[in-house]
Structure formats: C-alpha cells, structure tokens
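Here is the structure we will look at, set down as structure tokens.
The first chain written gets the first letter, and so on, giving A, B, C and D; residue counts start at 1 in each chain.
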Amino acid sequence: MKERVQTAVVGVTGYAGAELARLLLHHPRLKGTPPVFAGRIDEKEAKRGGVFLTDVHPQLADNNGSASLRLEPFSWELLADRGVKVLFLATPHEQSRSWVPDALDRGLRVVDLSGAWRLTKAAHRAVYSFEDEGSQVATAVQAKSVYGMPELHRAEISAAQLVANPGCYATSIILALRPLIEAGLLDLEHGIVADAKSGVSGAGKAPTAKTHYMYAADNLSAYGVFTHRHTGEILEQTGIAGDQLVFTPHLLPIPRGILSTIYVRFREPQTRENVAHVYKQFFAESPMVRLYDTALPQIQYSVRTNYADIGYQLAADGRRAVVVSCLDNLLKGASGQAVQNLNVMLGWNEAEGLE
Amino acid sequence: MKERVQTAVVGVTGYAGAELARLLLHHPRLKGTPPVFAGRIDEKEAKRGGVFLTDVHPQLADNNGSASLRLEPFSWELLADRGVKVLFLATPHEQSRSWVPDALDRGLRVVDLSGAWRLTKAAHRAVYSFEDEGSQVATAVQAKSVYGMPELHRAEISAAQLVANPGCYATSIILALRPLIEAGLLDLEHGIVADAKSGVSGAGKAPTAKTHYMYAADNLSAYGVFTHRHTGEILEQTGIAGDQLVFTPHLLPIPRGILSTIYVRFREPQTRENVAHVYKQFFAESPMVRLYDTALPQIQYSVRTNYADIGYQLAADGRRAVVVSCLDNLLKGASGQAVQNLNVMLGWNEAEGLE
Amino acid sequence: MKERVQTAVVGVTGYAGAELARLLLHHPRLKGTPPVFAGRIDEKEAKRGGVFLTDVHPQLADNNGSASLRLEPFSWELLADRGVKVLFLATPHEQSRSWVPDALDRGLRVVDLSGAWRLTKAAHRAVYSFEDEGSQVATAVQAKSVYGMPELHRAEISAAQLVANPGCYATSIILALRPLIEAGLLDLEHGIVADAKSGVSGAGKAPTAKTHYMYAADNLSAYGVFTHRHTGEILEQTGIAGDQLVFTPHLLPIPRGILSTIYVRFREPQTRENVAHVYKQFFAESPMVRLYDTALPQIQYSVRTNYADIGYQLAADGRRAVVVSCLDNLLKGASGQAVQNLNVMLGWNEAEGLE
Amino acid sequence: MKERVQTAVVGVTGYAGAELARLLLHHPRLKGTPPVFAGRIDEKEAKRGGVFLTDVHPQLADNNGSASLRLEPFSWELLADRGVKVLFLATPHEQSRSWVPDALDRGLRVVDLSGAWRLTKAAHRAVYSFEDEGSQVATAVQAKSVYGMPELHRAEISAAQLVANPGCYATSIILALRPLIEAGLLDLEHGIVADAKSGVSGAGKAPTAKTHYMYAADNLSAYGVFTHRHTGEILEQTGIAGDQLVFTPHLLPIPRGILSTIYVRFREPQTRENVAHVYKQFFAESPMVRLYDTALPQIQYSVRTNYADIGYQLAADGRRAVVVSCLDNLLKGASGQAVQNLNVMLGWNEAEGLE
C-alpha cells in the first residue's frame, strides 16, 4: 500500500514555485494529497481563507480540483496540523537561512531551492552576506545539508534531513564536468571556460529593468562576469580551483532553458569513444541525464523536461573539447530536481512524476 | 540661410523620448542645434551638471558629439536662457496638464505627446480624471490645442501654439477610417470593429507585471475591452458615435509596431478601384502615408519608419471590407509624428528628417 | 481488466504528429502499447528497419523505451499484422481523401486530422479542389464522417467509424459562438467578426518564405482575408450564413497558440450573468472547456494544455460583446482533440491522458 | 563639386543585399545616383523590364523614388552602359569566385561580400572547396585582394581594386583581439576561446529546417564546432595558430546581432587602465568602433548601427579577461562594412552614410 506523504510549499508565487506546484499536483505517488501552499498573506485575504492558487497561476487550473486550492497563511502549527513531512522552500536566500533551523527542529525534512545552504566553504558563502554567517546554529545546519544533485550524492540525499537544491547554472556545468574530472581526463591547470546562457525566468518574477520585455527581447547580454554566485557551487562540487574556472552567464531572449558551452583541455589526447565511455559509466544509474551521441543538445529539446542533456565535440588533435550541456532552468535547474530529490529521499523511483 | 531653431525635450528617459532624441539629433534642419534635454534630476546628479544622455540610452552614442549631451535640471529659466522655441513634452498626462499653461504663457510652442490636450469633449476626457477638468485655464488651453495629425489638420498645425500629438492606436485607426467616412462610403449605423495589436513598447518603460518578459513573450492578450483611452480620440476625429465602434487593443510579443484590422460595411457595394481612388485622393498631399495596392501591410514593413501603411480587401459582395493599418507606435504613433508636426509648424518639408 | 487498444499514426513527422505521438505514448490507457508509426520511408531507410522516432523528434526521447521506436514503411498489411484498431491520419488533405476509403473498408476506425472529411456541403469543399469530389465513394465516406468536436457531437463520435478532426481556428471560433447561437441570443443578421491570431506551428513544418524566422519574428500579418479554408467549418457548425461572418486569420510571432477575438451583437440586451449561464449550461459536461469569470483568456494560459478557454466582456449597453477564445493549435486545435475523440470513441473518460 | 559615382549591386535579394541597397540609396555622396541593381532574372520578368526592388523588399519603399527602381538582367554591358565604377557582390562564394576576375578585367573596383577572396592561405580556403583553387587566374586575383577591415587595412583598401569584405563573426572577434595581440599582451600559447552568438539573419534568406521559426525561436544551438568557415579569417588576421583558438558559433533566437564572448589570458598581470589604453590607441582613428568604459556591450545597443562595440572585464588576478564584442551582422558584419570600405576606397569620410 502507498504511504501518504504530505508535502508543503512555501514560495509558490514565483516561477519555480509554479513548476513545483504543477509537478507535485500531478505526481503519481502524491495523488489525492495536494501540497499545503503556505506563505505571507495579507490580513484581508487571510480572513477570506487565503488566495486561490489559480489566481496566482491561472495556467494551473484544470479539472482535477486545482481550482479549490488556496495559499494559506504560514505558521508552523499549520504544517503540524496538516501532518506535513517534507517542506519545499522556494524562498529568497535570507528567508531560507532563517526558516530552515526551525523546520529541522520540528522534525521536518526540507528541500531548499535557494542558495542558503549549498556551500560548505565560508569563502564561497561570502557572496550572499548572510546575517547569521558563522553562528553556531548556521554551522550546525550547514553540516547537515546535502547538495541535492542525485547524480553525485544519491545516498546522502536519501538519508538527508536538509537537501540544498542546486543552482540552475551550476547543475548544467557540474554534470558536464564531474565525469571528466573524476576520470582524471582534464588538464585543470590549463583552466576551464564555461560560457552559459539562460532564459529570462532565471531572473525571477519581480519586474525590473532587466526583466522588462524591451530589455530582454532581441538582445543578448553578459552579466556577473567573474562574480556570479553559482561559481562557488561549481568549484566545490568539481574540485576545480578558483583561478582555473571562468564562468560567464548571459541573458537569453527566451522564457526558459539553459545552454552551457564548456571548453576543456585533456591531459592526454582522447578519442570520442573514450569520452563517451566515461560519461556512460558515470551516468549509468542516472535516469535524468541524456547523453547525445553525435548531435549536440539544444535548448528546444531539453526545455519542459527534467533532463540534463550532454553532448560534446573533440578537436582533431584530441586535446581539446567543447561540451554542450542543456537543461530547463525551472525543472532540472530548480523544481524538477527538487522533486527528483524528494523521490530519492522517500526511496521512490528517481524519475517518478518527472516524465 | 537656415533659421536656427532651438528645441527642448522633457521626458527623454522613456521609449518615445529616446526616439524623439534620435530624430531631433539627426534632423537636417537642426544640425548643430541639439535639443535641450530637461527633467527632474536628483540633487546629487544636478551638482555634477546632469546625467549623460548616453547613460540613459546607450544606443544613442555615436561619433557626432552625442556623448557630451546631458539631461539638465528643468526650469523655465533654463529654457529661456537657451532660447528654446519649441518644447516637446513626452511626459505623463497629468504633468502635461499642469505644465502646458505655463509654457504657453511664456510664448513657447508646444508639442505634447501625452493624452492631456487631445480631446475636445469633457465626456471623452473623463477617462483621464484630470484634476483641473473644467477650470478656466484648462478650458482656454484646450481651445487652443490642435490635434496633431497633419493628414487631417495641416493648416491648423502650422499656426498652432499647442499641438496635441495623437495616440498610437488612434493614429492607425483614424487614418484608415477618415477617408472612407468623408467620402460617405460607410454604413456607420452598422458599426465598426477595430481589432488592434501593439508591441510592448506601447506599455511604457516602467517595469510591471505586464511588461515582464515572461508575461509578454510567447503570449497574446486583449485588454481595455470597451474602455481604452484612445476611444475618445477615434470618435472625435472620425465622427463615429460611441455605440458604433468596438475597439479592442491586444498586447503583441514584439518590441514595437501596431497592426489594426478594421472591419467596415459600405452603404453601397464598392469596387476596389473606387476605394483605392478615395484613399489616393485623401492622401494625395500626405508623404507619410503609404497605400498598398494588392498586398496588405505588415508590421515588419512599417516598423522603424514614420509611415502609416494602409491596405484593404473587399468581400466578393462589395459590401464589406477589411482594412489593415500598420505603423510604428514610437514613430508615426508618437515621436515621428511629433517631428512631422514640428516640420509643419515651422513650414518645413513635412517628411524632413523622417526618412 | 483493461482492453489493449492498438493505434497507428501516419504523418508523425509534422508538428501535430509529434504532439500526437507524445500524447499516445503517455496515455494511461495505452501504456505498453505504443502506436505503430507508419509512413513513406525511402528504400535505404526501410532496409534498416525504418527511421527512429527520436531522430525525427529528439524531444520525444525519454527513459521509457521511446528510443527504440521507429517509423515503419506503411502498408495495410503492417496495420493488420499489428492488430491496429484506430488509425490517426496527420496527413495532407489529398492523402487523407485517398486513404480513408481503404481504411474504412478494412474495418479500421479513423481519426483524420486533415480537412478532407470535415465539410458536408460541396460549396464549402470547393476550396480544397479534391480530385474525387462528387464521386460515389467520396460521397459515401463523407456521409459516415462525424465532425470531431466532442462538445457538439459526443454521441455521434462515440459510434463513428470516421471522425473528421476539426481545424484549429474553427475549434476556437465554433466553441465560442455555438452556445450563444443555440440559446438564440445573437443578432446574426448583423453579422459576426472573428479576428483570429495563430502561432507559426499552424503554418506547418515545411520551410517556406512565411515560416522563415526572419519573416515571422517581430511581425504580425493578416492573411487569407475573406478566403480562409476554415470558414466553411465555422459556417456549417454554427449555422451562420456566409455573408454574416468575416473571419480574418493573422500570423503571430510565437510558436503555438491561438487567440480569437469575436465580436457579436445580441438580439436583446443581455447581462453578464445571463451570458455566463448560457455558457455554463452548454459546457456543463465538457471537461476540456474552461470558462473565465471576469478575466479574459490569454494564450499563455491555454498553451500546452488541451483546454479551450473562453471569456467575454459586454458593452455597457448590453447589446454588444467581445468574446475571447484561446487554445493550443497543436492540442485542442489538433492532436489533443484527436485523443479526446479517441477517448470518446472508446468510451473512456474524455479527458484521459490530456491533463 | 561632388564626383558622381555610379555603383552596382549584384545579389540584392538577400538580407545583406537589402541593407546594402538601403545604405547606398541614402548615402549623402550618392544622392541622385541610385545603384544599378542587377541579377539573374527570368525571361518573363526581363521582358517587363525587370523586377521592382520594392516587390522584393517592401520595407525599402519610401517617397524618394525608390518605388521606381528595378532589378535588371545582369550583363557586363549593362554595367558599362551605366558607367558603373564600383561593383558590390552580395553573391554566393562560388559566384564571386567566377565573376570577380571578369570584373577586374573590365576595370571595375569590386567589394565582394562573400568568402571568396578573403583567405590568403590555401589550407584555410580548403573549407570552401573552390573549383578554381590553385589556378593562375585565382592566384593572381587573390594577390590583389585586400581584407576589407578598415581598422586594420585602411591604406591598402584605399588603393585596392578588390576588397574582400570580412565575415560577420570574424569581424567581431578580430577587432576584439588584434589590439591586445599587437600590444603583445596575450599568452597565445595558452589559447583563446571565442564563444559567439548570432541572430538568424546570419543564416541567410533561404528557407531551411534551421531557419524555420519553430526551430530557431525559444532555442539556442551551437553549430560548426571546430569547423566554422570564419576560423581561417580570424587566424590570418590575428596571427593566432590553429590549435590556439577554439571558436564556437551559436544560433540566437533574434533577427540580427552578434555577441562574441572572448576569453584570453595575459602574459603578465594587467590593469584595466592599461588594457583600456591599448584599445584606445589602436582605435584612435577608427570612428566605427565604440569602446565601453565599465559596462559591457549588448546586442541591443549595437544592432541597426555600423558600430563594433567592445568592452571587457578583468579577473581580480589581472591574468585573465573576458572581452565582449557586439555588432550588427548585416551592417558592420556585412553591408555597413562594405559601405565603410567604399568610403575608404573613394577617399570619403569613413563613417559617411553610416550614422
């Protein structure tokens, strides 16, 4: 018999929240148990019992009862009353920093989609300027946190109380590099270039000068050169040194999808077959990674799926390669990976509800 | 010898302002006399002499000295000191309402791009809820105001002290209908449908939920059904009764351009030749209207030009027609028409600086 | 116990074909019974056993065995050998005309996505110039054909051997008008305007001057004015006379989605409540139509769903209304509706596999 | 008094041709002397005197007589009769290979926009598989050819009979690298990565699977990895060795514009000031290059201008830098640069007609 698992989502109003709601509402193991959607709701709306989910995200309306779901005023008591076991936080970094300790104290398992608990080194966390940096509580929570990339940390995730869901750019780059690095193929001294491009949903739902249609459309712009927050994740999860990586994100005029073009140099000349073997071995048990044979991934093939797609071309000299890695920043880069982590945490099929 | 004409622009920071700046900076009659760009500038920037125009609009940087132009703190004295003769207001409606009386008092000629002074009937102005509605000053100013569509009011514009530059939707619809109405061809009792579609720049530069890339891209939405502010202009300039027109604007996922599809019924069956004759006669002296022979206008052909493009198809019965009218909402729909009005006001070639 | 139903798809290589394949592969009643994909395959490929489905549509690759599916050389024997019961034709009009008689002879039930068998009146079929027009066979087949819009013809579809799947524009317009017409609300003498806008996938997969990115992007164009092929369907399914309807399609710069803005006049003044009641009654048993309360549908909410979304605004006089109807041209406008028809034909839940 | 210069354009039907026509028609030194537009025209059209330019490019219609311009059947006699002095070829590579020798024989000066005569080394030309490779005529013509980048070869261009107009990607990358290389700043042994992204117009006007709106829109794809034809130009014009450069082009979902993100390593740590100085010195006399101070170029600022925009960020260690180079692929990357070359060839102001 199926176990009934109650989930909750805080931060459903954003783009990642909408995808998370969609995935959880249609997850085969969660049928009949919709998540509790909780958040800060103004008093007037709270009196009326909360906001309808379909008012915030009209596209979620369907004929399966979604129309009656509401965002409710958050309280720990609400979660306790509903018997919530797994809490998803699609909240700003600072909010995740302050809420997670309480959640763990109350025995909840947490999947945090923010950058709050992803980084083990204080030097890397510095970009976030967390107020509680270095505190005893924060240090203890960080020690419990598992980086939520099942392809790398499946076993730890299954036992974790706190899963720090990876960044979107970081996911696309780490999955492309880790197999080559573990196999000892790369000349890391030479350095790696990761030129990454993301759709606008990656910039969040807040209307700003940079998310205005007129700024993003018919345009391409680089940003965060040498300084993007995801750099620390990439370094920690691949073991690359800080001065060996140049990572440049760009804002693409498309709604969603990431393509990272990654430039590596091998220690010894490689054949395509050898590289293919390394990737296949590494991802043999990973249903959410698709390896491309001769073609290269494109955003159009990865978008609206939870797959990370990886392909590559070698130079004629066998010393240099270009690896192309694609994913949907809201799915494998955020909410899809969060559900994948949920599946691993609960011992379910890792791909369940994601195809 | 050329007369030196000093212009000024208030409100250069928006999209229409950028186009206006570009047109005035490259206008052959204004070479060597760049506009005075004035506005509300915070104290810190004012101390430094104002903001550089190219900081606000990097695309305006060229090798003709544009890099040294600044936005200066507005004052009537500034305009007087510089010898400004024509003032362009690309400002919000309310601001135009309050500034224009002063400008006229000081002897400036004004081209106002807002909706402040376009409407002669109080009932139509009601949608703007002007604070000074009905005041003696406002009534006097309105009496002086000329609707700035040269194809309809060339003579009045040439003598006007205040030109109310038309709305973008209104321009595309009025130009398509007026020739047919004046020729007595239309069965107005039957009613007219104007289904109009505009690019996102029409929604302004302020970042809002509706100008967010994620809202506008890959989407189409109708808005302002039965209530859009440009309705009054269309009625006043065509003589159509309020219950004879249904005008529905839509937000297109493109940066700029308007296409209006207009459905009319003729009093008597018409031939294509007859309709063509009516249009050609009407626009015989109008260099900024292009009439299409057999093809229909498309946004791609009108955009980045100051032309209003008009084409049409008749039903086999000769009783019904679909008129398609295209223009660039920032040019013929705003700043291009403003410069066209300037040309008419100063007795220059109407198309100068616009091709 | 579930009945095993074998389906086949001819014409999987197009956009509608890809969506049809995706829906059938994930349909809960068809698990473990993938469709037979058949078509014209060149000799060389045929010798190798056919083309892989994922070579044609890389986005269909997933971890459920899709990678092994192939397009096979079509023959009636192939369908017989595989025990095919329901045949989907996503083929050009002429091909459907010539294949359907054979398919019916062989006892197959057919869902034809082309325009071949949708029209009962010869005058309306004239736009297709069918070679077999008026032949005994064609007349007999047409007599068996049921227009595949479950919201209108559910009972006939459940018993039909041949279902003519509706056109995309026609679906959006018929669903919006039929309830109002049946309730006797509309002044049809006055005439109806249907201004419709569709994404580029509606123009098909063949690369042409009009499907070139440079033509479609940042553009909007009207086409087929007074002559579009879907006009006949709309007239036949609504009972509107030919001179009472003006239908103008436009090409939108988006991949998929249709929004139709429909202008009607009521015989008597109506209230919003009355109109809402009419729609609700009409669609009470129709799970794939979503009625909007106060907001209007937008393409972004309908796209990638099988819903037809309908909303409306009334003029203050209660005499005129604007109805906005949205759907995804590849789903409710093509392949989703085809699967909906399959569900009805087999007595399954109409919405199964579509949410 | 102004010299009257008659130009001719072969290949006006493509995107580069349209821009070239627009620039030449509005060039201040060519007023009243429109180019001769010549090409292969079918017999029927030839009898009617040729095709109207505005039938091919409706956006070129204006009120300055463009409506009467025609494409005429090409012949050397036509060019001679009209007194053509400068011939622009916007033709396929092979056509330029076969026509240029004849043109030079007839004393014409030629600006060739194809890749036919850009490469001095046979090894680099191999990617084009020219039929006449190695012939005496081709060798002689190549010896006369000057690479048409005024910022590098101004003096040779002014005297050249044949100017080989550079490739779009090549222009954006060469202009960014050449100043740093000439100043001896770069560690070329380390290698250079040029990750470039171009709008769809770069793929040409022929409708293909890859220029279909449905392929390009909402997508990003890498192509030509390690094999793109522009590689040879970059190597020859910068002196970089073949195994020191990795150049990856990508297809952007925008109509026009190129952004190249270029990763370099310095031999010695550099300051921003030093790098700025090197660029400023190099481009001191180059009006069509804009150097960015602290911000980075974006496609939106370069598009529809003839500027090459260059900006850069240095790593904290001063050893690594990211250079961002933007231009409009149809202007500075093709027709704008062609007109710039015309200006240089005729001793006019290099920027004339380009601002």
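Definition applied: contacts are C-beta pairs under 8 Å (C-beta built on N, C-alpha and C of every residue); 3 or more make two chains touch, one makes a residue touch a chain.
On a predicted model such as this, the values are computed, not experimentally measured, just so you know.
Set against the C-alpha centre of chain A, every other chain centre is closer than that of B.
For the interfaces C-D and B-D, the C-beta contact count is higher for C-D.
Centroid to centroid, with C-alpha atoms defining each point, chain B and chain D lie 37 Å apart. Our note on geometry: chain C versus chain D, Cα centroid distance of 46 Å, whole angstroms. Contacts with at least two other chains are made by residues 215, 217-218, 253-255, 298, 300 of chain C. Touching chain A in their complex are the following residues of chain C: 26, 58-59, 61-64, 218, 287, 290, 295, 298, 300-301, 304-305, 307, 351, 355. Taken in their complex, chain D has these residues touching chain C: 15, 200-201, 205, 207-209, 211-218, 253-255.
Residues of chain D that touch chain A in their complex: 190-191, 193, 195, 197, 215, 217-223, 225-226, 243, 246, 248, 250, 252-255, 257, 259, 261, 263, 265, 296, 298-300, 303, 313-317, 319-320, 322, 324.
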